[in-house]
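Next come the structures, one after another.
Both of the next two complexes hold chain A, though its partner changes from chain B to chain C.
Moving on to the complex of A and B:
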């Protein structure tokens, strides 16, 4: 059993914050495809289309038949840990600061034998379940875990480096007015967050669920209007240095396409919240979080945005909103590269239509706010970069991967 | 279509090695690799009694020549060889360089070939070499704790210990014996005795690997001359015949952990070509990046069976004046690892021992030596392996 992670002590202001270091970054192009699979939470390895051999490390020619037709696809995640070592000396700054570090050799059931990070609860030899996770540098690594979940398994320090667990962390939820925002607050508290700061614009305006936000001493309601640069900066000045996770739940949504509106007033409101609001949050909180990427057990770990799956391909019924979602997706891609220097993940939680007042006329299936909240926590706990919630989001993704131009027409129907 | 079986390799008749050269090692050097190559060539030419322009073949092994290659060195040193080789095979470099040079001499492509292994060691060389070693290491080994070769061989050692009941004391015995041999060799970088207690209690590096399982990176160079028996006699050079040599890469790729090297595939030809059996060997120079690899070579080269390594270690002393002399100048573990010259250390020492030119304590009646090479941890195992058997010619 893993020693449970204790709540970190209050920070000593006399001790300088440790500048974040990253594990080794360079990868071959073939290895980047493994990172792409891990970003979606898949366990996938290169498989030869001609002879079926599973190949590792990633390469450009099959070692069994010399075929160049190698594709990443999901494979069985079982294996056996047959050898281990604990690294106690390293020339790499990231690992030097985290020694000792346990690694091992695992023979995978699907064929290859691999080097992997090894969970503290494992003994050698033993059966293991392999996970493919993104490390702090944003690249896929293999992690050997016990076959059966052990107590406090997620608290293993090596494993915690590969996730963004809210446990003992302080989280800002940017919009607590919406059903989604309130559900996210509750899910984070249930997942062990130390504090949840909840942003509310114009707090004097009443809203449904306001009373529930006063119920838990771990909740702190803060004034935050993402359309107002000063408001965002003021809040960052107040809590930016202790925001470990930011979850942007703000979304301004109205039905209609481009020609169903006579001017750009509504579109401008959508962009103010969905695109520029996101950028304001990133500019105010991003640098502070990036500087605290290695700040102990409650280091800054993740910047999460919840956005419609129609960021990938315009949905005619909410065409103008889709346009803001596409811009939002692009902003997140940029931010992902910029935040990486601090080892802070940028997570995109893609959703189908939410079951709320503005989508009353949309046919089901629609997503309950609690389903989205659950997904946010799962993305954090798994360190998953692209998380797709619900049947619609998964369906759109599959169609988009298959043929984006066909999807464009399907969504115009 | 059925492919007929591959033929056996031909022997290396009349090919000899001579003029063992060592440029004394330094822990750190400010001179680049080129300087170390030059020092080795200068000494080789002087001791052979020839001019640089007499060299018509050159084989170079070095990790630290960048941006140059062996080609650039010809102009750098004013050489005009008609045969040029570059062997980027780390610990297998000397065996492979000799094997290929021998073929060139045998066929008349060249007459006098200088084989050189040389590397410099700046304060940050080791860190830099690690970071650009191979694509598989970059993708699949460094991101896991960045323990470098220490971690890779720790996994191999751990597996070997579990599978064959080896103890750290067994590996320690090899290291202690090599240190005893090193104390008789003037160029060894380590000058103090090593006890088994020192070995057992040393600082952990990547368990079960501790400090004295690891080589010390240094700057240095080693070289030798490959020519024909007739030319060696004309020049009055003490020399040794090349009785046999093998080379193999990426053997047994499906073994989940490397428990055997390419020697195990080619051993029958190695002994067959030499017309000898293991009892006829007077000293052995194994590649000792880590003691588990030495043990593996005892097994794969036919001195004992697979898995009997630990018992074999318990039944010999491995010192120059004892039973089964191994790594008679201290090996890399005690003499230092000068990059690719580390692959040359045992070859140069073997030439000295069998030609009566030993700088270390001579092995009594040393006529025949087996030199083994192993190199290039591309990912989880050493890919290159080779071995050569030398026989000294009485002057």
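Moving on to the complex of A and C:
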């Protein structure tokens, strides 16, 4: 078993915060496709479409038959750890701050032998389950894990570098008025968050579930209105230096497309929350989080946004809302690159229609807030950049990958 | 040059006012709340278009965005903060001539004010409704309301700003004091007022949608071309009679209302 991670001590104000460093960044275009798979939580390797060989590391031609028809596809994640060593010295700025570091050689069941990071609970030789994880620089790395879950496995320091676990971390949930926001708060507490700050806009307006937020001493209710720059800045001034994870649960949703509305007032409200609100949060909290990307066991690790899958392709019934979601998706893509310098992950949790007041007339399947909350925690614990929750989100993604133009027409029905 | 019966010329009148202001004999009381993002706006059912609260985005502050100057972009509903309601704000006033803020006669924007103090009643009951009888009782103490006056309903509600009690929102709607239809009809038809002002987020009570007609102050005032002022402050610093208020809204083309600075001159 792994030694359980202890709640980190209070910060010593005389010791400088460790500046974030990143593991080596450059990758070939072929290798970036592996990162793309890891971003979705897949274990995928290049497979030759002519001879069927599985290849590693990524390359442009098959080492067996020289075909250039290599395609990343999910492969079996099992293997055997046949050798390992513990690195005690490194000239790399990232690794030398984190030594000792365990690496080993794994023979994959699907063919290749690979160099991998090795979990502390593994002995050599042993059966392993391989995970493809994004490192702090946003690139895929291979990590060998015990086949069976061991106690406190996720607390292994090397593993923790590859995920964004909420355990012992302080999280801001930006909108606690909604069912989704409240479910996320509870799921984060259940996942071991030390503190959950819960943003509430217009605290003078009562809301369902308010009483539950008062019940847990780990919850701190804060005034936050993402449409109000002053409010966002003030909260960042208050807690931005100890916000390790930010989960943006704010979403302003109303039915209707462009011509089914006669003005831009509601669309503007949607953009104020869904797009500019996100930008305000990023501008106020992002620089503070980015500076704390290597700040010990409760370093800043993730900026999470929950957004509709219709960010990818407009859904006419909620067409204006989809437009704001598309802008939101684009903002997140930009932010992902900007936050990377601090090793802070930007995670997108894509959802289908949520089962709430505004989607009463939408046919099932609809997502329960608890399902979204579970997905947020899973994305954090897995360090998964693009998480698709529920059947609709997965279906839309699949159709979008297949043929975006066909999907566009289908969603106009 | 005309003069009043006391033999004071017009220029003298204005001079006297200036002297009074200069010497402090006439005090200026600010009846305006600071326009800030957290100031509440009226709450409507969410499927309706919403009143946008005040928002401010800094454009530059002596920095790389503008080294020598500080300025902001602001946005808000016409009905955010301390604000003026023009007749066109309400459907009953849609055909009133000159019913938008740009066309309001400037003479109407400066005038005598009477303050009807119902702060005790409002403190006792957040849903206090001011009726004609209440106004008549006030007049027995202070004399009749003069024509073309601004009637300001004091409730001390402005002191609740920053607390949930200001709007008093619960599952059955907002709770704050205001007038009924009879009170407003009396003020218009028998007292010929210029406008009606309150300390609450609207000229109507929090439960005003349940009165008849719904939102009687809005409906009747604006239907008769009268004006509204709401979210007023410092009414407790005004005398029951004798003050003059200055309440010009922004000159917004076809505007239904406007945030404004309301000043009172107090002897």
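Heads up, the rule we're going with is that the second predicted complex is superposed on the first by the 413 of 413 C-alpha atoms of A that agree within 3 Å, B and C clash if a C-alpha of one lies under 4 Å from a C-alpha of the other, contacts with A are read in each partner's own complex, and residues count from 1 in each chain.
Note that a residue touches a chain if its C-beta (ideal position, glycine included) is under 8 Å from a C-beta of that chain, and two chains touch if they have at least 3 such contacts.
Model, not experiment: these values are computed from the prediction.
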{"item": "Combined model on chain A: chain C and chain B, fit or clash", "value": "fit"}
{"item": "Which superposed partner A:222 touches (first chain B, second chain C, both, neither)", "value": "neither"}
{"item": "Touched partner set for A:113, first chain B, second chain C, both or neither", "value": "first"}
{"item": "Chain B versus chain C as contact partner of A:230, first or second or both or neither", "value": "second"}
{"item": "Contacts of A:263 with chain B and chain C, given as first, second, both or neither", "value": "second"}
{"item": "Chain A residues touched - chain C or chain B, whichever exceeds", "value": "B"}
{"item": "Partner chain(s) touched by A:57 [first = chain B, second = chain C, both, neither]", "value": "first"}
{"item": "Touching partner for A:289 - first (chain B), second (chain C), both, neither", "value": "neither"}
{"item": "Partner chain(s) touched by A:346 [first = chain B, second = chain C, both, neither]", "value": "neither"}
{"item": "First (chain B), second (chain C), both or neither touched by A:396", "value": "neither"}
{"item": "Minimum C-alpha separation between chain B and chain C after superposing on chain A, in Å", "value": "38"}
{"item": "Chain A residues contacted in one complex by chain B, in the other by chain C", "value": "none"}
{"item": "Chain C to chain A touching residues, read off their complex", "value": "36-38, 40, 43, 47, 49-50, 52-53, 55-58, 163-164, 166-167, 169-171"}
{"item": "Sites on chain B touched by chain A in the complex", "value": "126-127, 130-131, 135-136, 138-148, 150-152, 154-156, 158-159, 162, 203-209, 253, 256-257, 379-380"}
{"item": "Residues on chain A engaged by chain B in the complex (per definition of touch)", "value": "23-24, 26-28, 30-31, 56-59, 63, 82-92, 94-95, 101-105, 107, 113-117, 124-125, 135, 137, 139, 141"}
{"item": "Residue ranges of chain A in contact with chain C within the complex", "value": "202-206, 223, 225, 227-231, 254, 263, 265-266, 269"}
